[in-house]
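Think of it as A, B, C, D and E in the order they're written, each chain with its own count starting at 1.
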Amino acid sequence: MKETQISNSEKTFVQKIIAGGHRLDGRIYSETRNLQIAFGSDYGSCMVSLGETKVLAQVSCEVVQPKQIRPNEGIIFINVDISPMAAPQFEANRQTDHTVNLNRLLEKCYKDSKCIDLESLCIVVEEKVWSLRVDVKILNHEGNLIECASIATLAALAHFKRPDVTRVGDKVIIHSIAEKDPIPTVLYHYPVCLTYAIFGSDILLSDPSYIEEAVCMCTFEEGSAGGGLLVVGMNQYKEPCLLDLTGAAIHNVNIVHKAILSASEKGKSVVDVLKKAIISDDTLRLKRVKINYADIITTEHKQSLIKKDISICLKNYNANDINPESDVEMDDDVQIVEPSKYDVVPTLPKTAELKVKAEKSAWIEISSEEDD
Amino acid sequence: MSDVYKVIHPNKYFNDYISLNVRPDGRKFDEQRSIKLNANAISNADASALIKCGNTTVVCGITLELATPKAEEPDHGFLVTNVELLPLCSSKFKPGPPSDYAQVISNTVNDIIKNSKCIDLKDLCIVSDKLAWVLYCDMVCLDNDGSIIDACITTLITSLKSLSLPAVSFDVETEEVKVDISNKTLLKVTGLPVATSFAIYQSPESNIVLTDPTTFEEEMCGGIGANLIVCWNQGLLCGVQKYGGGNIPTESQKNLLQVAKKRSKLVEEVIETCLS
Amino acid sequence: MSGHVSIKLASERVNPSVASNNEIPRFFTPGEVICGLGDFMRGHGTYLEDNNIKSSVAGVMQKVNKLICVHPLKSRYVGEIGDVVVGRVIEVQQKRWKVETNSRLDSILQLSSVNLPGGELRRRSAEDEQMMRQLLKEGDLISAEVQSIYSDGSLSLHTRSLKYGKLQQGVMVKVFPSLIRRRKNHFHVFSFGISMIIGNNGFIWISPIPRELTNEERNVNSDTSSPEVSKHERKAIARMKNCIAALASSKMMLDDNSLRYAYEESFKYLNVKDLLDTEAMLDVAFLTQHRINDYDED
Amino acid sequence: MVAEDFKDFKLKPMKCELNYLSKSDGSAILAQGETVVLASVNGPLDIKITSQSMEKATLEVLFSAKGGKPNVSDRFKESVIRQTCETAILGCLYPRTGITVTIQELEDFGGLLTCAVNCTCLALLNSGLSMKHVVAAVGCALDDSGNLVLEPTYDQIQSAAATMHFVFDSRAKTLVTGFTTGIFSEGAYDEALERCRAASDLVFDFYREVVATYCKVIG
Amino acid sequence: MPGPDLLSSQGLRLDGRRPNELRRIRCKLGVFTQPDGSAYLEQGNTKVLAAVYGPHQAAKSKMSTEGVVVNCQYSMATFSTGERKNRPRGDRKSQEMSLHLRQALSSAIKTELYPRSQIDIYIEVLQADGAAFCASVNAATLALIDAGVPLRAYACACTSSVAWRGSQPEPLLDVGHVEEAAGGVCLTVAALPSTGSIALLEMSHRLHMDYFEVVISRAMQGCRDIEVILDKAVREHLAEGWTKQDIVTI
């Protein structure tokens, strides 16, 4: 399905109310939507929702041979998948400009900014290193995918723990989580991508929704300045580490400074929320509380239903008890059966044929009439 | 004349036959096609077999290779099965990477072999964590006329049963591998899984089950994916699979299993005769 | 193989420019302010920003009364009504052909703007619609005139004159459209045995002079078989083609005069293929420029 | 039959939320015990001409595992769910359109495929597509000692001699889809089939209650 | 934070440039006859070819009634980097570069003039020695001018980084390959210098926000310098190719 274009009336309406200092959902310019982080039962699995935008991230690891240029560094691979689940206009298994852009932004934010201690992922130099794979799945696209996906990626990476290994001679033993406590990944800093929608020459909207994104990317009537999306990657030390601009050109450098200033505040608060979530998750896990995505479904939501104990009274059955008897039955069956109407004939050496016995083919005549 | 009828009104054409209690190729509903099985059809391969079930023709070749076992399972060898549906066997297949359909067939064949536990992967290991056999079992469909999974399983099992592994000596110190081709031992194959396909035709009155369907019959019954596949392994079931399609009438359920069981006995006999 | 091979270093490349007698004018580059808005009107190649007219292409400015335009050195063909163009049919559609004319959008030739066989005025029937492909099919070359320009900038062509229509035998040469000098007449017949259509869109068609056919011959040979082209004619066509290439590489304006001069000057080189040499090309262009200058002075 | 005592079986606790995703035409998140699946349905909508069918809607099913590279077993799951749903959806009402079902695994503690089938069915209900009947999937395992276990847990599956999964339709409770792993006797198969058929009633009841809650919210 | 010394004690960079010095830029317009416009550009040892086709009829699937469709393809020759590049185009990085090129050039091209049309811009990096993307933007601008495509202004791109002189930041202009590999911050700005607007911003590695100001202004200065160089080249090209045309000039 093609992406539905935004209607002209929506466009002008949104432009007008934004110029008037309001937003469609009642937020102020610098306000973000509600951020929620939920963790799954595995380490390195999390679902982040930013308003209605939902992203699932999962980190998995395996032992591989390192790249020749960097023999003592682990490998990190980020893969973003936008399936039709996110919104109907996306096609499955297709690399679109959108996917490529999102993927590259995350790679730049987490791979190129060197926030992960790759050297700690090395097991044996030039032979064995850990390769981390982050799978980011977009579940629902209600605008600002980048911010949501980046928080999900960071949360998954920070939450992830890899199995411990010990080296015995030239052998490497990978311990399961039950055997030895897994090891968390070392992160030097926590960068997050924050999106700003630029309207006109000096309005910056934090965390734009789907419609705001669409409106600001539209071409404006001639004369008035077009808008764009500015993505700022910012860590908790107020260091920008990624910048990306899509849409029309920025006319005023100040807007970039304004965005960076705002991002430095927001970046820190997001990282704080994230760290808190991880700590509380860790303490729960220490208390052997089972964490599961099933917890997302709560009775607080009006459209959810929870059934605890569903029991059914059924006949008990044990195969061993009945087997001998049923075997006998079956044997009886076999004996009753009339002799097989098929013949097995060895024709050539190493060849066998299964044929219908000649006298059994009375019906063939009927069908041959039909065929003619 | 009947050919034209078949093309223009395939549903009606088929229904006409079914209402007369006969199938377009003259078989009864529960009758199977004749089978021709030949072992060692391809001498290059380490083991091979060719089967013709009616028009469906599948050839299976096994090639042996040595490899290092996976770190997680150091004393397991590998059994790699792959079904190839080339464009030559049916107009429905296009050249290029395997289609979803071919992947599903491969997966089903692989599952049946795994479930039947007829090969113990530990038998394929030579030295733990160092050396193990890899059995590449490639099944190529030459002519696709229905019930392809049955044919695949039978060729595969026949090939496996005729496969013998050469003796291998492994020097732990030098890691040198010596293969002695003159000294071969037969691979241990326990059990003998035989798959039987059924197509379920939803006629206006009731659902009719057809044994060993042809491609045309499969199409009339909702595509190959909708087949019921029953797999017997020497008196025990090792797989009953059915994905969508017509519903099985509860009363014929039991009967179906018996038909499959009888057929499995016959096929077993065919395989034994072929290999003896 | 005993061919003539010439290998040159990149640094020894021949500079193809030919000094002309006029001075270098004032150039404008994109984003440059031309003048304040005043009461000027902005034309092609300019735009308005901050109450200034700015250039949007690199080239020279032209002022016609209050209209200010900037003409780039080269660009795609921008059609004007009445232009003669040579084009290639790329698609046969319902009641119209799509024609490639080096313009930024495909040009359109309506079924209603062609002369149907026989030439007499008659109603276009449904049969004619089905016959369209017999008239002109994909890949055919045609000469036509720009009839009108649609609002989106694509050109509507017509061939309702005997001089336009399908082209039969000959060679097409492509040059940048800005090198074509606008003339009253773009159909030329040269005394040395070739006829040319210098399309305003930069497509130049060179063909042998069509022999006058008697009516009977026309009926017999009607577009099924084409008359044979003599070797002499073929040579002349090839020479003219090389002359065009020579002038175009030196960025000289093309019209019947400059081409005739170039053709005549090119006889300095006896073999046609000698003209492929860069030095020879420059030489021909240079000599041609001289003759033009002489002519201008007269 | 010799051992004829009755016993209470427990189905895993089920939790469900409809309309979990705002952009899809229908969506559901379903937890059966610790196994959690999210499904979304989009359609019927316009699709490429090449994949259009004149007779019925083209059903496309995508299964996405939690992480790692896509592999053959994902294709297999897609094929199972597609075949199953095709029997349930009245596709002939929507010719020349496409219906896309996307399934995301969230947690797998056994019975992933049955949970996915049930979740898809709920998402289809939520999307408002016309259906012939609904379907319910139930799985059971045969443990080492020959006991049948309904809705086995992760550990039970690991140690089971065989597992069997069945999908039934809601009208006649006939078998729509079935698949098994491991080796088992004919008797065990028949018994498991009947057992699961009985248990499927509970799943259908759950569907009814979910839709009832949903209707209350919608008004 | 400071990596290896990018500045010598005399305040010179690894390749002997001053911090605010660009590498030598050499360029030529109209290098090919087939495309509507083409250009070759050298920035230090980074060598780039650009070709422009169009505006021509847009493919039906892409056609837009709002303006011209800008289609870019960025490709790096297999021999352009130290290690052989296996996929010259189509990998994620090249695809990203293609997207960025489009982003940088779309704001310069007067797209609204040509609805239903398409402009194809092909870039081939022959040798990559740092700032290949910037060289590509600059070359593409020249090729567009050669093709006579109306532009708002020159689109110029430049990179800047930062080195430390004691604790004082010293922004570096036009980052070379060695400096890029040293792992400092690298800010790429594509701007329309004559209007002062920024068409593209890109950044890798991290930098404290306090120093951002100086680095971006150095990059903007670089863009302005490049515009002067490009403008000179365009004027030379015009003078060379100028012959008497039908146009009355003033």
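Criterion: a contact is a pair of C-beta atoms (placed from the backbone, for glycine too) under 8 Å apart; a residue touches a chain by one contact, two chains touch by 3 or more.
Everything numeric in this text was worked out from a predicted model, so none of it was measured.
Novice: State the remaining connectivity among chains, in groups separated by ' | ', when subunit E is set aside.
Specialist: If we ignore subunit E, what remains breaks up, so that the groups are A, B, D | C.
Novice: For the chain pair with the highest number of C-beta contact pairs, give its two chain identifiers.
Specialist: The largest set of C-beta contacts joins the chains A-D.
Novice: Comparing centres built from CA atoms, which chain ends up most distant from subunit E?
Specialist: Taking each chain's C-alpha mean as its centre, the farthest from subunit E is B.
Novice: On a CA-centroid basis, which chain has its centre farthest from subunit D's?
Specialist: C
Novice: Kindly work out which chain lies most centrally, taking the average of its C-alpha atoms as its position.
Specialist: Per-chain C-alpha centroids compared to the overall one single out A.
Novice: Centroid from C-alpha atoms only, then distance subunit A to subunit C, rounded to Å. What do you get?
Specialist: Here subunit A and subunit C have centroids separated by 57 Å.
Novice: So the centre of each chain is just the mean of its C-alpha atoms; given that, what is the distance between subunit C and subunit D in Å?
Specialist: Result: the chain centres lie 69 Å from each other.
Novice: So what's the Cα centroid distance for subunit B and subunit D, whole Å?
Specialist: 27
Novice: Enumerate the residues of subunit A that touch no fewer than two other chains.
Specialist: None at all.
Novice: For subunit C, give me the residues that contact two or more of the other chains.
Specialist: Answer for subunit C, listing residues that touch two or more other chains: there are none.
Novice: Check each residue of subunit B and list the ones that touch at least two other chains.
Specialist: Counting only residues that touch two or more other chains, subunit B contributes none.
Novice: Run through the chains and report each pair that touches.
Specialist: A-B, A-D, A-E, B-D, C-E
Novice: Name, in rising order, each residue of subunit E that touches subunit C in their complex.
Specialist: 36-37, 54-57, 108, 110, 114-117, 145-154, 192, 194-195, 231, 234-235, 237-250
Novice: Subunit E touches which residues of subunit C in the complex?
Specialist: 15, 17-18, 20-22, 24-27, 29-32, 45, 47, 49, 54, 56-64, 71-76, 104-106, 152-154, 178, 181-182, 250-253
Novice: Subunit A touches which residues of subunit E in the complex?
Specialist: Listed in rising order, the residues of subunit E that touch subunit A are 66-67, 83, 92-93, 95-96, 99, 103, 107, 112, 183, 187, 191-192, 195-209, 212-213, 216-217, 220.
Novice: Give the list of subunit A residues in touch with subunit D in this complex.
Specialist: Interface residues on subunit A, with respect to subunit D: 1-2, 40-42, 45, 47, 52, 54, 56, 58-60, 81, 83-88, 92, 133, 135, 137, 139-142, 290, 292-294, 296-297, 301-323, 325-326, 330.
Novice: Quick check: in the complex, which residue numbers of subunit A touch subunit E?
Specialist: 69, 95, 97, 100-101, 103-104, 107-108, 112-114, 189, 191, 219, 222, 230, 233-235, 237-253, 256-257, 260-261, 264
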